[in-house]
Each structure stands twice: as structure tokens, then as C-alpha cells.
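Some structures to go through are shown next.
Across the two complexes that follow, subunit A remains constant while its partner is subunit B and subsequently subunit C.
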Partner chain A sequence: MSFRSFDIDSLDEDILAQDELFVFSNGVEITPENASNNVKTKGIEVRNQLTRGDTANALITAIESPPYGVHTIDAKDQNTKIVMDVLNSIKATDIPSLVKLLSREQQDILMKYIYRGMSSPDLYNSTVLLNWHEKLTEVAGVGCIVRVITDRKTV
Partner chain B sequence: MIQIYGWIDPKNRSWILKSEPKPVLGHRPIFRELLPAASNTLRPYLAAVRSTLTAALCVENFSSQVAERHNNPEVEARLSSSEVVVNPLTISRNKHEKVLIEPSVNSIRVSIKIKQADEIERILCHKFTRFMMIRAENFIILRRKPIIGYDISFLITNFHTEQMYKHKLVDFIIQFMEEVDKEISEMKLSLNTRARTVAESYLLQ
Partner chain C sequence: MSPTEIHQLNFGPITAHAFNKDRTQVAVCPNNNEVQIYIKAGKGWNLIHTLAEHDKLVTGIDWAPESNRLVTSSQDRNTYVWNFDTETNEWKPTLVLLRINRAATFVRWSPHENKFAVASGARVIAVCYFDEEHNWWTSKHLKKPIRSTVLSLDWHPNNVLLAAGSADFKARVFSAFIKGVDQKPPPTAWGDKLPFNTICGEFSNGSGGWIHCVAFSPSGDALAFSGHDSVISIAYPGGAIQSVGLTSLPYLSLIWTSEKNIIAAGYDFTPVLFENTNEGWKLSRVIDVGKKKVVGESTAFNMFRDWDTKGISSRSNNDDSELNTIHQNTITSIRPYSVIHGNVKQFSTSGLDGKLVIWDLESL
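On to the complex of A and B.
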């Protein structure tokens, strides 16, 4: 009768674990410390660009190479804050032209950040994010949202 | 260029729209700040929910990987760590109104948090959603229990999308979100009116 107490699922070779999901979707592991440092340097650069008034490049720097990973939670929070600062400081009339400048990957990453911001409405301004979402969907289409839904590399 | 939406005629106390004949001296312009503020975020909020729902409703038949010859809605059956359940998305209008969409390969779960400003609205909302959830079978896509933190939840599976039009399902959910707010305000108004008449007739005795 001891076979009833075996955990047969742990012996199954085909089982996919949570961390393996990230690796199989072409994710590269960065250590949490490296990721935090990268995000800090990125934050300084974005702030400089914003004070200069260079909003287009500030947006692109903020969303380029996000700290993907299973354990890089602090870096992700930091990066989200930086992106939200940039989004809040861009005027509503500039949004369509800026969004058209982005490449498809950048649009996908921007959409991920918009949803990430909307999941904490007490921290970030939802009205601004809704506006960005509308303009981005007009340009990038519903396919952008599908790619955000299915990408295992979460922001 | 400051946007003017119309003019206010202070003598007649009326609003004159921009399309109507030119205003007279003494009319005050209506700036955006004077417009009723609530509708500002409603339209982009519903548009965002519509586009996200359209994207998430790409579901197909998928048999259970755990039990043979079984077919379960994977969003209900598995944790988010499985490969068949994908990233959940939140669309929020403010702290008190949001929609959570959890898609998976063969089903999606849509949870709505309805705006409840005070105690009366909270009670009314709870009773209203409970009324509907008891009759969830007739609703087809309604879930009997809402997800924790939300007021009402829908579960849409591939079988529903095979029988019903996807764009109509999305239209239904958007219309539901609009109407439920109206219904609760109407109920609150009629409740207050009834209470006032009852109190008056009692005190006049």
C-alpha cells in the first residue's frame, strides 16, 4: 500500500517548474544586485534627460532592457517608478507622435509598464495611464496586448 | 490654445453650445475645468477594457493535462505558475474601480470592482450582485462567487466563445459595467425618496 503515499508528480520528467518557464521563453538570468545597479544608473540618466527636456529619449532609455527575472523584484519596482515619472511628465498632446517613434519591441515593453502601473492605482495616476493605453492601442493594435498577455518575461 | 466648450448666458442661466450662433457680450466661456469631471476617465477606461478583453478572449479547446478525458477551465483549475495560465492584467480607473482579467489557454476570468462611495451603495451593490450570482446558471458566463477583492466575476470558456459571438460577449461586459453604476445610483435615489416620504408621513401623524 506504500505506493499511495508516493508523490508521483515530482518524479514526472515532463513537468515544467515556474523558474523554467522564464528560461524557456529566452530569458537571461541576471542577479538581483546587478539588476538593481543597472536600474539605478538608468534612473540617473533618465532624470538628466528629463531636466534637459529630451522626453523622447528619456522614454526610450527608461523602457529599454527592463530587469527581467524571477528574483529581481526590487529592480522591477524601481524601474516601474522611473517609467511612471517619465509618463507623467510627457504632455498629452505629445503622446501620439512619441508612440509612433517606438519600435515594436519598445511598444510591447511600454504596454507592459502601462499594465504594471495600473495594477497599483494607489501608487500611480490611472488617468494618465488610461490615456497612454488608448493612444498606444491606436498605434500598436490589439496584437500588442496579446504579446503582453503571453510573454513570460514580466516587468 | 485654450479649448472652450461653449458659453454660459448668465441672464437666462443657460448653456449655449459651441455650434450654436455666436455669443453676445457678457456671456462667460466654459472651460474644461467646468465640465462634469466624472466622464473624463469613463470613456478611455471602457475603451481599455474593451481592447484588453478582445485580446484576452483568444481561447481554444484544451483538454486537462492532469486528468485524462477531462476538460477544465484552466484559469480555475491551475495556479499561475503553470504554462497554460498567462499573465493577469488589471485596468484601473482609480483606487476604487478596477477590472482584473486573468486569461488562460481555454478560459478567461473577468472580475469587476464596482464603485461604492458610501455605506448605502456598498449594501445595495452587495445585494444586487448577490441577486445575480444566485441566478448564475441562467446568466451562463457569470461565476457564483466573486474573486476576493472584487464584487462580481465572469468566467468565459472556449465553449461559450464557440456558441456566442466574441465581440458580442465583449459588448455585453462593457454594457454591464456601464449599467450597474446607473442601476445602483437609481436604487439609492429611490431608496432615499421612499425613506423621506415614510418619515414625513410618520411625523405628520
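On to the complex of A and C.
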């Protein structure tokens, strides 16, 4: 059965590579430096909003225009950290009303970050994330989860 | 008459189904290399023909209503056109020269029945037509810019334009104009100059996901498609697009029942109606909301009575695995069943549960 381990697609010149799939799902590539700078500015803004107690806007700013891309790994890590800080600073009782405020696109992005956070349980508190996941699924349904799984624009 | 007819034609999945013109016969594939043709007999269906020419799973069946020809596509990379021989009372296959090196995934006759299109995993769509000179069915390939398996097709009413949904996250509108077969079509909203392989539209739902199904509206001036990202989109010539994000699981098949209504169904086991209202497209209602289960009183008396009268214990009698919806598994195909003045009044669905269901829109 050794033939099964052959990567036959690599013998085909017309294969779809990872970065092409990203473009096919309407992704726009930005340089890692620009992405990191954008995330840094975003981080400062979010921290200001949090100190003012404006959690709703802090959440929206944090998840807005995520650093999508195949090479923007550092920026993604930074942005995930910002979003997790916001999620952790919001009281559990406020979650349902906040989730309802978000648009469909924002709900999808938030779900992406929840899954991203749960993929590193050593860094982020999964209990908090599971609570968010439950409340978000109640509003956005399983369709939201399906969109996160299919989307090539990962966070 | 019962509003919804339910027929269990197979205990495994039904991969494709197609009715003849007067709806007295139906061709289904019972998840193998065979095509079975059933004839209506009272309330049920009787098997009259088994077409076993393919070597692998049959992926698509279409029955041309006027010329009474069948076309079938299969994972064995072949397509057959079947003609009914009234003398021998048999269906005779004709092999089509497809020239593809991967599975054929879908097939549909064009509205005039002089062409058909075969989708395939070889990143091409084979547009097939009858070559009088050589007396066989031959094909031309729509190739660019498809980058992955084509999963579904739909013909525009003008017999020239063809919509395709693909695993590269795009729904496209092509011209499938064949010189010598087609008359020059009148200008459409999608364009007026239409040589073969013109791209008249390319749409994406934005968040990736395979495009499982595409369908032109009855006028052909709009295209609906739905992908694995649980989004259904309605696109118009020129690029305007309206997407409806769903809270439910993705759809695998959809049809337009009128210019303002779409029926879609898929992994949620139930057809759903979409409506174009003043505020745009939105989910109007779930057609099969499911019936409440009748839970019998489980008393000791009932249990012993069941043992006595039916010889069964009440536990095995009470089938808890049954779902509330009519379809017990994913719906993979929706087709119009009766069309009056361009509006679909009844439609049929089939899926992984082996059921063929005919729904009446008015009584639902």
C-alpha cells in the first residue's frame, strides 16, 4: 500500500496551494510588518477603551479587521492576545447582551478567535472561552461554527 | 390526497433522482453503479428496469422530458445517454466521449435537450452535443478559470449560458455556445457576445467553502448559490450580490420556485423557503418543522399488553432513533416536480436516507 503515501497532487502542475486558497476566499495579503503595526495600534486603543470601562467597543475594536494572511503569524498571535484580554475582562453575565450587539460578520470573527484561543489551552483560559462559545452559539447558531471551519481567512 | 408523498426506495442513500415528463416513472441511483427505474403503481413504485453499465457510483441522472432520453454520470469517468427501445422494451446506452481523467460529478440536459453538461473532478465541465457527422456524442471542455472539482451545474433558459459551482469557492456563469448546434442567442442580462467559454460572471460568498449548488432564476436574470459556509447568495449580472448567513447547517441543493422564492435543503434534513421581500432576501420559513412525537404511556399494563398482542417488548417498539422531520438524513437533491406557468407547485427531494419525498408547496 505504499502507493497511498504518494502525494500525487504534487505531480500535477495545476494544484491549488494554500496561499491561492486564501485568495480564492477573497483574502487580501498584507506584509507581516504592516500587520504587526496595525495590531500594535489596535492594542493601544483597546487598552484605552478597557480602562474607560467601554467593554462593548473594546470587543468590537479587538475583533475588527483581523490580520488575515498566510505570513502574518506574529500579528495573529498579538491580536489573539488582545481579544483574549478583552474576553477575560468581561463579566459572564454581560456576555449574552454583548453577543447580540455584534453583526453577523463580527460574530463569525469572534467565533474564530474563540476557537483560536481554545487551540492553545496552555495560554488561554478555556473555561471562559467555553462560556463565550455557548452564548455565541445560542445567538449565531451552528452556521457560525461551520463558517469558521470552512473559512481560509484564519486568525 | 396527502400533501406530502413519502416513498422509501432504498435503505441506503439515493445519490440522484430524476422523473420522466409525466411523472409516472422515476430513475434513481441506490448508492452503487446501477440506475433503477421505477414505475408508479398505485401509491407505490415498482422496479421495472435496472441499468448497469457504469462501473462505479452513479453521481448524476437527468431525464430529458421531451426526447425521453436519460443521461447518467458516474465516478468511472463516463457518461451514457440512454434511449428507450420500444421494440425490445429496453434502455440502450450510448457512451459519450468525455475525455476527463477524474470522476464525473454531475450532469444536466440543456433546456432544448440538444446538449448536456457534465461536471467533473478534472477541473473541467464537458459540454456535450451530438456530432451528426460521426454519429456520436462528443464534448467541448470549459476549462478556464476553474481550479477545482465542479460540484453542480444549472442551465440558463436560453440554452447557452451555464452556471457552475466549484470546490474552489466560486460560482461562475459560462457561455456554452456550440457552433453549429446553437442559434445565436438574443442578448441577455449576462452579456450579448457569447463565444464558447466566455466568463459572464464569477462570484464568491466571501468566506470560502465549496459551492454545493447553483441555480438560475426562472427568467435567468439572477443566480442563487449556496456553499459549505452556511451562506446562501443571490447574484445578479454585473456583480451585485446578496448573501444570507444562516444559523443552521449548509445546503446541498436549491431550486427557484418563482422569481421571488427559493427552496433549499441540505444537512438539516428539511427544506427551507427563502423569500425576496422589500428588505431583500431572507429566510421565510422551515417547511418541515417536524411533528411532535407521540409518546405512549409506558405503564406496566401497556407493556404486558404489547407483549401479549404484538409479541414485542414496548422498548423495541418505541423507536427513539427516529427524527421528527420526514427526511431522516441529509437531503442531497431537490428537483421541480410540477411547474405551472413557470412557478413550481410541487418539488421532490431525495437524500442519504433513501427516501424520495414529493412536497406540495400550496398545502404546506
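In this text, the second predicted complex is superposed on the first by the 141 of 155 C-alpha atoms of A that agree within 3 Å, B and C clash if a C-alpha of one lies under 4 Å from a C-alpha of the other, contacts with A are read in each partner's own complex, and residues count from 1 in each chain.
Basically, contacts are C-beta pairs under 8 Å (C-beta built on N, C-alpha and C of every residue); 3 or more make two chains touch, one makes a residue touch a chain.
What you see is a predicted model; the values in this text were computed from it and never measured.
Novice: Once the two structures are overlaid on subunit A, check if subunit B and subunit C clash or fit side by side.
Specialist: fit
Novice: Which partner reaches more residues of subunit A, subunit B or subunit C?
Specialist: B
Novice: Could you say whether A:D108 touches subunit B, subunit C, both of them, or neither, answering first, second, both or neither?
Specialist: The answer is second: A:D108 touches subunit C but not subunit B.
Novice: Between subunit B (first) and subunit C (second), which, if any, makes contact with A:T93: first, second, both or neither?
Specialist: Neither subunit B nor subunit C is touched by A:T93.
Novice: State whether A:N26 touches subunit B only (first), subunit C only (second), both chains, or neither.
Specialist: In the superposed model, A:N26 contacts subunit C only, not subunit B.
Novice: Applying the touch criterion given at the start, work out whether A:L16 contacts subunit B, subunit C, both or neither, answering first, second, both or neither.
Specialist: both
Novice: Could you look at A:V142 and tell me whether it touches subunit B, subunit C, both or neither (first, second, both, neither)?
Specialist: Both: A:V142 reaches subunit B and subunit C.
Novice: State whether A:T51 touches subunit B only (first), subunit C only (second), both chains, or neither.
Specialist: neither
Novice: Under the stated touch criterion, which partner chain does A:T127 make contact with: subunit B (first), subunit C (second), both, or neither?
Specialist: Touch status of A:T127: first partner only.
Novice: For A:M118 in the superposed arrangement: first (subunit B), second (subunit C), both or neither?
Specialist: It touches subunit B, and subunit C stays clear.
Novice: If you've got the overlay open, could you tell me the nearest Cα approach between subunit B and subunit C in whole angstrom?
Specialist: Distance of closest C-alpha approach: 5 Å.
Novice: On subunit A, which stretch or stretches are contacted by subunit B in one complex as well as by subunit C in the other?
Specialist: The answer is residues 16, 21, 142-143, 146, 150-152 of subunit A.
Novice: Using the touch rule from the top, collect the residues of subunit A that touch subunit C in their complex.
Specialist: Counting only subunit A, the residues touching subunit C are 14, 16, 20-21, 24-26, 104, 108, 140-144, 146-147, 150-153.
Novice: So in the complex, the part of subunit C that touches subunit A is made up of which residues?
Specialist: So the residues of subunit C in touch with subunit A come to 123, 147-148, 168-170, 204, 206-210, 227-231, 245-250.
Novice: Which bits of subunit A are touching subunit B when the two form their complex?
Specialist: Residues in contact with subunit B: 16-18, 21, 115, 118-119, 121-122, 126-127, 130-131, 133-134, 137, 142-143, 145-146, 148-152, 154.
Novice: What part of subunit B is in contact with subunit A in the complex they form?
Specialist: Checking each residue of subunit B against subunit A gives 40-41, 44-45, 47-48, 51-52, 54-56, 58, 81-83, 86-87, 89-95, 98, 103.
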